[in-house]
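Heads up: the structure comes next, in structure tokens.
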Amino acid sequence: MLDKNQIAQRIAKEVKDGYYVNLGIGIPTLVANFVRDDISVEFQSENGILGMGPFPYEGEEDPDLINAGKQTITALPGASFFDSAMSFGMIRGQHVDLTILGAMEVSQNGDIANWKIPGKMVKGMGGAMDLVASAENIIVAMMHTNRAGESKLLKECTLPLTGVACVKKIVSNLAVMEVRDGKFHLLERAPGVSVEEIQQATEGDLVVEGDIPEMKF
Amino acid sequence: MINKTVANVREACEGIDDGMTFMLGGFGLCGIPENIINELVRRNVQGVTCISNNAGVDDFGLGLLLKKHQIKKMISSYVGENAEFERQMLSGEMEVELVPQGTLAQRCEAARTGIPAFFTPAGYGTEVAEGKETREFNGKMHIMERAFEADFSFVKAWKGDEAGNLIFKGTARNFNPAMCGAGKITVAEVEELVPAGELDPNHVHIPGIFVQRIFQGEKYEKRIEQLTVRKK
Amino acid sequence: MLDKNQIAQRIAKEVKDGYYVNLGIGIPTLVANFVRDDISVEFQSENGILGMGPFPYEGEEDPDLINAGKQTITALPGASFFDSAMSFGMIRGQHVDLTILGAMEVSQNGDIANWKIPGKMVKGMGGAMDLVASAENIIVAMMHTNRAGESKLLKECTLPLTGVACVKKIVSNLAVMEVRDGKFHLLERAPGVSVEEIQQATEGDLVVEGDIPEMKF
Amino acid sequence: MINKTVANVREACEGIDDGMTFMLGGFGLCGIPENIINELVRRNVQGVTCISNNAGVDDFGLGLLLKKHQIKKMISSYVGENAEFERQMLSGEMEVELVPQGTLAQRCEAARTGIPAFFTPAGYGTEVAEGKETREFNGKMHIMERAFEADFSFVKAWKGDEAGNLIFKGTARNFNPAMCGAGKITVAEVEELVPAGELDPNHVHIPGIFVQRIFQGEKYEKRIEQLTVRKK
């Protein structure tokens, strides 16, 4: 079973040379730590920066320089700042190559829910609705089940949707799956996790074809 | 040159009234019009609608207005950092319209630029699309969104000049530019106000035509919401 | 009868303190020369400048600094440059207080035609359609009649329209008129021009109420 | 940093083909991609559609392509300076779509920003509105306009860096920013190409994400269309 860092590490393998990448809050943010340093990648944060760098050194933080998670960051050489309208112009205009975000639920046709639990929790969709409606290439980083052990990979989402039929790939603590033809397709198992365990943790239809390899990092 | 300077935040806020709609720039606590927000608290303006991406935190930014129950309705994209906000929303004390962040920015920009409506894919198939016109373009479904209407836009810039020209710094830019000229009256507070001619006209982010009043803020706390650093 | 400079001079009286003004090509461009210098006015040119100044001194011209008429210009202190999308955002968003432009024909309900003579001349509408559709306050600078002596102030325009019901005021070589309630209303006569001469040169309905004063400059 | 530099104008124009649609920045002869236009003439690409506010003059800018009959269709707002253009248009040799200037800019910007359609008042009640959906908003009639589609955007900036970031100068900015990222591939030529890190990220007008290829132009004539000066 993967921990959060390992999920991020596995997702980092999906980041290709020349990609502009938007990282959501939480596990996705960790992906930046694992991207190979022999490829060129630029991170976009939707609050208005391209070319986002690592956290600043102690004492060098700038309140006017944060990411979408409101964390203090730095800007790399070649960075640029812009306003929110232009930022979402980039996103809606499909100039960002890869979006990585978290989810509370994903359905087997690629619907995603991650912004609201009616009556309980409403943080808002932030930029997630724009991101999932626009991106060609969306990877969801998530735990396979909730704290009660219930599957978060469902036939149909039960929570209010963030977007419809948009998720292409899921990396959970148990598996890598592709969403295709209205089903989850199992691609890789987490080290030490069996196909049966994944099957059991997946409420939606899971297609298992041939031998499912263990993930490599 | 048309001079837009006013003496201070009190003069800058002349004409605000109960029940009005305000746009406020900022992302989290970054780039928010601190001095104006404090003046709104001081004036105790009531029953206002605020268009702002976030709602501050409990003891800073728009959270100060929230605490005093000055806000009737919030139009935002993300309010996760504010416990009092969530409480007022869930209890029904405050009306809330949640809007996708890109749509929020574009509805401001549309108001500024005289585009009454536009189509976006954001929110199609979700609660956000309810009651809205939908249409397919290039094989993809979109929803029609309308420009916002607001009485005042309150923004914060880094530098400004007497002519109302604004330059922003880093990610403190965020929603501020799109809101300039989107409300009937735009009030800009800046960290440094300089005479006309000192800013390079190539570097101006927002031309003064979009700003009716400008003043230099008395002080800036610029609170950091999530301090994240690494060791040297 | 006014010459072009006098038309510009009369229009300049309509320019008030604190106005942002867009000047069209031709006579409107001359208006800048006659604006009182004790008021604050900024000129916008739709190709991307606010705070346009006079022509440059000989040898100081900059090919990267022109107005919408493609003439070399200067920028005054407090000027700003911006792109065409933002420029027309200003115009459509009604941030420009006054638009002054030329016309080939104006009708008594405020329609204007100034971009095309079918089969003969097509220069294009440039920014004129955006300007007339958006501006609250439009003044037309024009000759009252064409070279053949025919009226250019008509019941209905004969040429393809630039905009409908948008012209508020006209300053011609003969008169100042307001367009209201579907008629031309005579406000002022050019020095030495009689009401009858104006009436004769106007094909559209001309309302003459009371004594019509001579223009003052 | 993702490096966007290409060696020269030839490499920058790889992939262009007959029958394609190009966007070209510039207003009159100001801020036009001179080196790219010369390359289009050299390559003798045929039957192209050009989206450009103007069409150059007879012996400079897009006028060079016009003279060689390389252009099948022009989409412009104003073509008054070009006699050959008017001749080809009136004779029917070339197809022409005249678009209000603000609508032209906004249709580029819309293509860049994933807005498939928007409403504008420009052109309502005129030929421009023919065949288009009209609708009333706030008591005023508007027409629906669509985003452009283009294969290449060709733009000219003052300074650029390896990451493709662009800074424009004076009114040479005009249509160039709105076209960046509006075509499938955006090619930028700059007067000065600098290493990443040399441009202040606050001053960047167009972030490199909107630019696929960048190169420093060999030379710039920057011809003046209407020299107007006053005596010292």
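When the chains are written out, they are named A, B, C and D in that same order, and each has its own residue count from 1.
Definition applied: contacts are C-beta pairs under 8 Å (C-beta built on N, C-alpha and C of every residue); 3 or more make two chains touch, one makes a residue touch a chain.
Remember, predicted model here, so these are calculated numbers, not experimental data.
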Comparison of A-B and A-D by number of C-beta pairs in contact, larger one: A-B
Centre distance in Å when chain B and chain D are each reduced to the mean of their C-alpha atoms: 32
Distance between chain centroids, defined by C-alpha means - chain A, chain B (Å): 28
Chain centre separation (chain A, chain C; CA means) in Å: 55
Mean-CA-position distance for chain D and chain A (Å): 36
Two or more partner chains touched - positions in chain B: 106, 109, 113-115, 120-121, 168-170, 201-202
Sites on chain C at which at least two other chains make contact: 49, 75, 81-82, 88-89, 91-92, 134
Listing of all chain pairs that touch each other, if any do: A-B, A-D, B-C, B-D, C-D
Interface residues, chain C side, partner chain D - complex: 45-49, 54-73, 75, 81-85, 87-89, 91-92, 111, 115-116, 119-130, 133-134, 160-165
Residue numbers on chain B that touch chain C, as the complex places them: 1-3, 109, 111-115, 161-163, 165, 181, 195-197, 201-202, 204, 207-210
Chain D residues within the chain B interface of the complex: 106, 110, 113-121, 135, 137-138, 140, 142, 146, 167-170, 201-203
Chain A contact footprint on chain B (complex, rising order): 27-31, 53, 76-81, 86, 89-90, 96, 98, 100-106, 108-109, 120-128, 158, 168-178, 205, 222-232
Interface residues, chain C side, partner chain B - complex: 18, 20, 40-42, 44, 49-51, 75-82, 86, 88-96, 134
